[in-house]
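Pasting the structures in now, so scroll down.
One chain, chain A, appears in both complexes that follow, with chain B as partner in the first and chain C in the second.
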Partner chain A sequence: MSIALRGIGKRFGEFAAVENIDLDVPSGALLALLGPSGCGKTTLLRIIAGLEIPDAGQVLFDGRDATFRPVRERKVGFVFQHYALFSHMTVFENVAFGLKVKPRAERPPGALISRKVESLLELVQLEWAGGRYPAQLSGGQRQRVALARALAVDPDVLLLDEPFGALDTQVRHELRRWLRRLHDELHFTSIFVTHDQQEAIEVADTIVVLNRGRIEQLGVPGEVYDLPTSAFVHRFLGQVNEVAVQMREGRAHLGPIDISADAAASTAGSIALIRPHEIDVGRGAGGWPATVLTVRVIGPVVRLELQAEGRKAHPPLEAEISRERHEAERFGVGEAVNLKFRRWQIYPAGIPAD
Partner chain B sequence: MIGSAADTTDTTAELRARRGRRPAGSAALARLLLIVLALGFLTLFVALPLIVVFVQSLAKGFGAYLAAISNPMAWSAIKLTLLVALIAVPLNVVFGLTAAWAIAKFEFRGKSTLITLIDLPFAVSPVIAGLVFILLFGAHGWFGPFLQAHNLRIVFALPGIVLATVFVTFPFVARELIPVMQAQGKDDEETALSLGATGWQTFLRVTLPNIRWGLLYGILLCNARAMGEFGAVSVVSGHIRGLTNTMPLHVEILYNEYNYTAAFAVASLLALLALATLAGKSILEWRQPELRRTALPRRDRGRRAKT
Partner chain C sequence: MATPVAAINPGVRAGRVIPGFGLTLGFTMLYLSLIVLIPLSATFIRSFGLGWGHFWAVVSTPRVLASLRLSFGAAAIAATINAAFGLLVAWVLVRYTFPFRRLVDAMVDLPFALPTAVAGIALTALYAPNGWLGQLLRPWGIQVAFTPLGVVVALTFIGLPFVVRTLQPVLEDLDKEVEQAAATLGATARQTFLWVIMPALWPALLTGFALAFARAVGEYGSVIFIAGNMPMKSEIAPLLIVTELEQYDYAGATAIAVVMLVLSFLLMLGINALQAWTLSRHGGR
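Our next item is the complex of A and B:
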């Protein structure tokens, strides 16, 4: 089922949670709503689910207006961050809930319910847990039960609110891949909310970056990461170093490096954002002299903190180099090096710091 | 207030464990002193009077005790008390549930006023509560002429007694449920709705099981107070023997007539009802932490096992 939002707005008292949101989610998409806390992503998800009624705008399901359609008639599966399993019911009863509350005429016979629940538990690899209570399961297992429960009523849309937010890194990684596989097998439309850019990049086909109740950028994961259209998106997706552009003799510079070839850099006071892996650390001549402050090996990469010349008042620059390069070069703490920037992006002055 | 009973048990257990590790000394002495003080106070002011009630009621033998209870006036007081509790408690369960639901699950203007209003019966003297109903529904009260014209009796009759009792016992269920419902949030209900449950199915199958212990506890306390209420009921009842006398009022009348045996016999019945209620409450309290204790280690085990 395709979903469309037209000019959606929602206020809580004086606070505008979302403003004038237009969004099209094609049938079968796996879309991530990404943003910092308070950006309105959960409100938007709850509006799609029917748990909140927007103050303005329209929600369309398959082109038909569903703005005021009650939750129970929307055929959406909703999964909460903290699972919201019914603690007084067994896992089996939890999954069967949506089938058992159907009106008598639509309710499948008991044997059919049992078979369906068992096949769903098999799908989430918990066929052994039917008789257990939620309190007897781990977080990852509970979230899989919540998913099975949501899938039991054959929803057209699956909505997930920070589904992996409460889990350990390991479990989270495993569940992300599992959700992706599940989505590819079952072909429903899914929207999930996350504040974790890595999660959004790993799982979704489309990422919607939200900021202050508005859509900041929409695109496929690689595009949003590599070609951010605003400083906010650039900062939010991954680490960045910020270097102010300086004008000397009419030419734009980052430290001693002349970047006047970059047309965007010609205004004074603009700022360059550079990702850690876009900084070249070397011993050769030329570039921006700097001192190595710390060296930290993080699995396959090595992160260096660097104090560039004339930047005492600013936080140190962060560079990331490959493990192999580090083994070859062996930069030591206190060593003098030269920095070059492989890539950067210029943003105009006066952009807010968040 | 009362809702945290189980939490308090946890903290005391923790404290005890911590204290156990500390070296004995002046701390041990202080502990002994506090225990003796608390126990002594309770014996003197709670246990002893209770024992006296039973001793006095049986002072002239079991026969006299039975006679006192089976007296038609006593019997009608017992029936009236049970009837009032039977009406007042279910009403307050409904009021308490709706108030707690509104406060815990919705945001609205005047919420803090509502919370204060719920506490009002605790804050005002029951006598004043009774007087308010006289002022409203008495012969010279606001609605008095109207009621008289339509031949309706509220004050000095069963409706008045029920009203006064409902007023005085209103906070128990609501106060008990608000923290429980607030702690649980709306996720479970919203999940049930998204799975296609109706509002009523959601309430019966999801909300009610979640709050069942808090609700039972509130009902027990509400019931105990409903049966024992004196002040407010005394003002509105009119003390018509065999008609509007509840057990507490009947005890007072017997006592004023120097009929001590009968007074204490009825009082002992009231005390027994109260004791039964408290026993029920203790059983609930005893079951609740046990449920938690079995659930907690399991959850820990599950977490360690990972997925």
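Our next item is the complex of A and C:
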């Protein structure tokens, strides 16, 4: 089922949670709503689910207006961050709930419900847990129960509100891959909310970056990461170093490096955002002299903190180099090096660094 | 064979908030003995002075049986009414905001604070055949004051806060997302209430019911004004006990008291068992 939002707005008192949102989610998409807390992503998801009614705009399901359609008639599966399982029911009863509350005419017979629940528990690899209560399961297992419960009613759309937010890294990673696989197998339309850019990049086909109730950028994961259209998106998706552009004798510079070839850099006061892996650390001549402050090996990469000359007042620059290169070069703390920027992006001045 | 560490050295068990299990348990026992057990035992011992035959003769008179039936029956009806409407009141107070909510909330406690005699007099004045409400009910052939119905009214009045106050915190803790989850799964409001909300409320509702019931069984002050106290008809057991005492029949009074005690205890035990059963279905949380 395709979903379309037209001019959606929602206020809570004086606070505009979302404003004038237009969004098209084609059938079968796996879309991530990404943004910092308070950006309106959860509100938007809840509006799609029918758990909130927007003050303005329209929600269309398959082109038909569903703005005021009651939750229970929307056929959406909703997965909550804190699972929201029925604690007095067993896992089996939790998953069967959506089938048992169907009107008598639509309700499948008991044996069919049992079979369906068992196959769903198998799908989420919890076939052994049918008789347990939610309290007896771990967080990751509970979230899988919540997913099975949502899938039991054959939803057209699966909505997930920070589904892995309360889980530890290992389980989160596993569940992300599993969700991706599940989506590819079952072909429903999924929208999930996250504040974790890595999660969005790993799982989604399309990322929608939200900021202060508005859509900042929409695109496929690589595009949003590599070609951010605003400093906000650039900062939000991954680490960045911020270096002010300085004008000397009519030419733009980052420190001693002349970047006046970059047409965007011609105005004073604009800033360059540089990702850690876009900084080249070397011992050769030329570039921006700097001192190595710390060296930290993080699995396959090595992160260096660097104090560039003339930037005492700013936080140190962060560079990431590959493990292999580090093994070959062995930069030591206190060592003098030269920095070069392989890539940067210029943004106009006056953007507050949040 | 693996022996749990705690069994070998109970002192090692993970930190307790209040130190000294022995001391605190000892104090609890002593305290309960002084406050509850000894006075109650005295009642029993006193009534044993009668001898079994005499005891039975006292408690099996039709007048005593009728009063016990009224006391327990009216208390059960009143507690049931309170369970239903107390749930409603608690729900409204927790789920909705409306003007003067705090005031209404405070009013719930009034039956606690009011001297029971005042409550009894007020209710009698209202429900007497020429009282404000009694007048309105008379054309319908309903008489409240000086009938068993009056007893139920008085007991309902004094029991309400128990149900409301035990349910309120539980209702406040209810996770709204669970209800929303039920809605996304297609449950109607009625199904959500019956299958999702009520199971979470049962233990607290039973506690409230038990408290209201216990209070109602023992209630004296508010009832005697409105009941009319006609033997065999609207005379409650606690009043009968007082009557016996006034005639210096201490043994007879304690005999009725013992029957009330045993009945109350058995009922409380039953309610507790029911509650333990509903709680076990939660599987912890």
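Throughout what follows, the second predicted complex is superposed on the first by the 354 of 354 C-alpha atoms of A that agree within 3 Å, B and C clash if a C-alpha of one lies under 4 Å from a C-alpha of the other, contacts with A are read in each partner's own complex, and residues count from 1 in each chain.
In this text, a residue touches a chain if its C-beta (ideal position, glycine included) is under 8 Å from a C-beta of that chain, and two chains touch if they have at least 3 such contacts.
Values in this document were obtained by computation on a predicted structure and should not be read as measured data.
Q: Could you check whether chain B and chain C clash or fit when both are placed on chain A?
A: Superposition check on chain A flags a clash between chain B and chain C.
Q: When the two structures are overlaid on chain A, which partner does A:Q141 contact: first (chain B), second (chain C), both, or neither?
A: In the superposition, A:Q141 contacts chain B only.
Q: In the overlaid three-chain picture, which partner chain does A:R149 touch, first (chain B) or second (chain C), both, or neither?
A: both
Q: Taking the superposition as given, does A:S27 touch the first partner, chain B, the second, chain C, both, or neither?
A: It touches nothing on chain B or chain C.
Q: Taking the superposition on A as described, I'd like to know which of chain B and chain C A:H88 touches: first, second, both or neither.
A: So A:H88 meets both chain B and chain C here.
Q: What is the contact status of A:G77 with respect to chain B (first) and chain C (second): first, second, both, or neither?
A: After superposing on A, A:G77 lies in contact with both chain B and chain C.
Q: Identify the partner contact of A:S119: answer first if only chain B is touched, second if only chain C is, both if each is, neither if none is.
A: Touch partners of A:S119: none, neither chain B nor chain C.
Q: If we overlay the two complexes on their shared chain A, which of chain B and chain C does A:K102 touch? Say first, second, both or neither.
A: Both partners.
Q: Between chain B and chain C, which residues of chain A are contacted by each of them?
A: In chain A, residues 49, 51, 70-72, 74, 76-78, 80, 82, 84, 86-88, 97-98, 101-102, 133, 135-136, 146, 149-150, 152-153 are touched by chain B and also by chain C.
Q: Can you list the residues on chain A that touch chain B in the complex?
A: On the chain A side, the touching residues are 49-51, 70-72, 74, 76-78, 80, 82, 84, 86-88, 97-98, 101-102, 133, 135-141, 144, 146, 149-150, 152-153, 168, 170-171, 174-175.
Q: Okay, in this complex, where on chain B does chain A touch?
A: Residues of chain B touching chain A: 187-188, 190-198, 201, 205-206, 209-210, 295, 298-299, 302-303, 305-307.
Q: Could you list, by residue number, the parts of chain A that touch chain C in their complex?
A: These residues of chain A touch chain C: 49, 51, 70-74, 76-78, 80, 82, 84-90, 97-98, 101-102, 132-136, 146, 149-150, 152-153.
Q: Which part of chain C faces chain A closely enough to touch in the complex?
A: So the residues of chain C touching chain A come out as 175, 177-178, 180-188, 191, 195-196, 199-200, 281-285.
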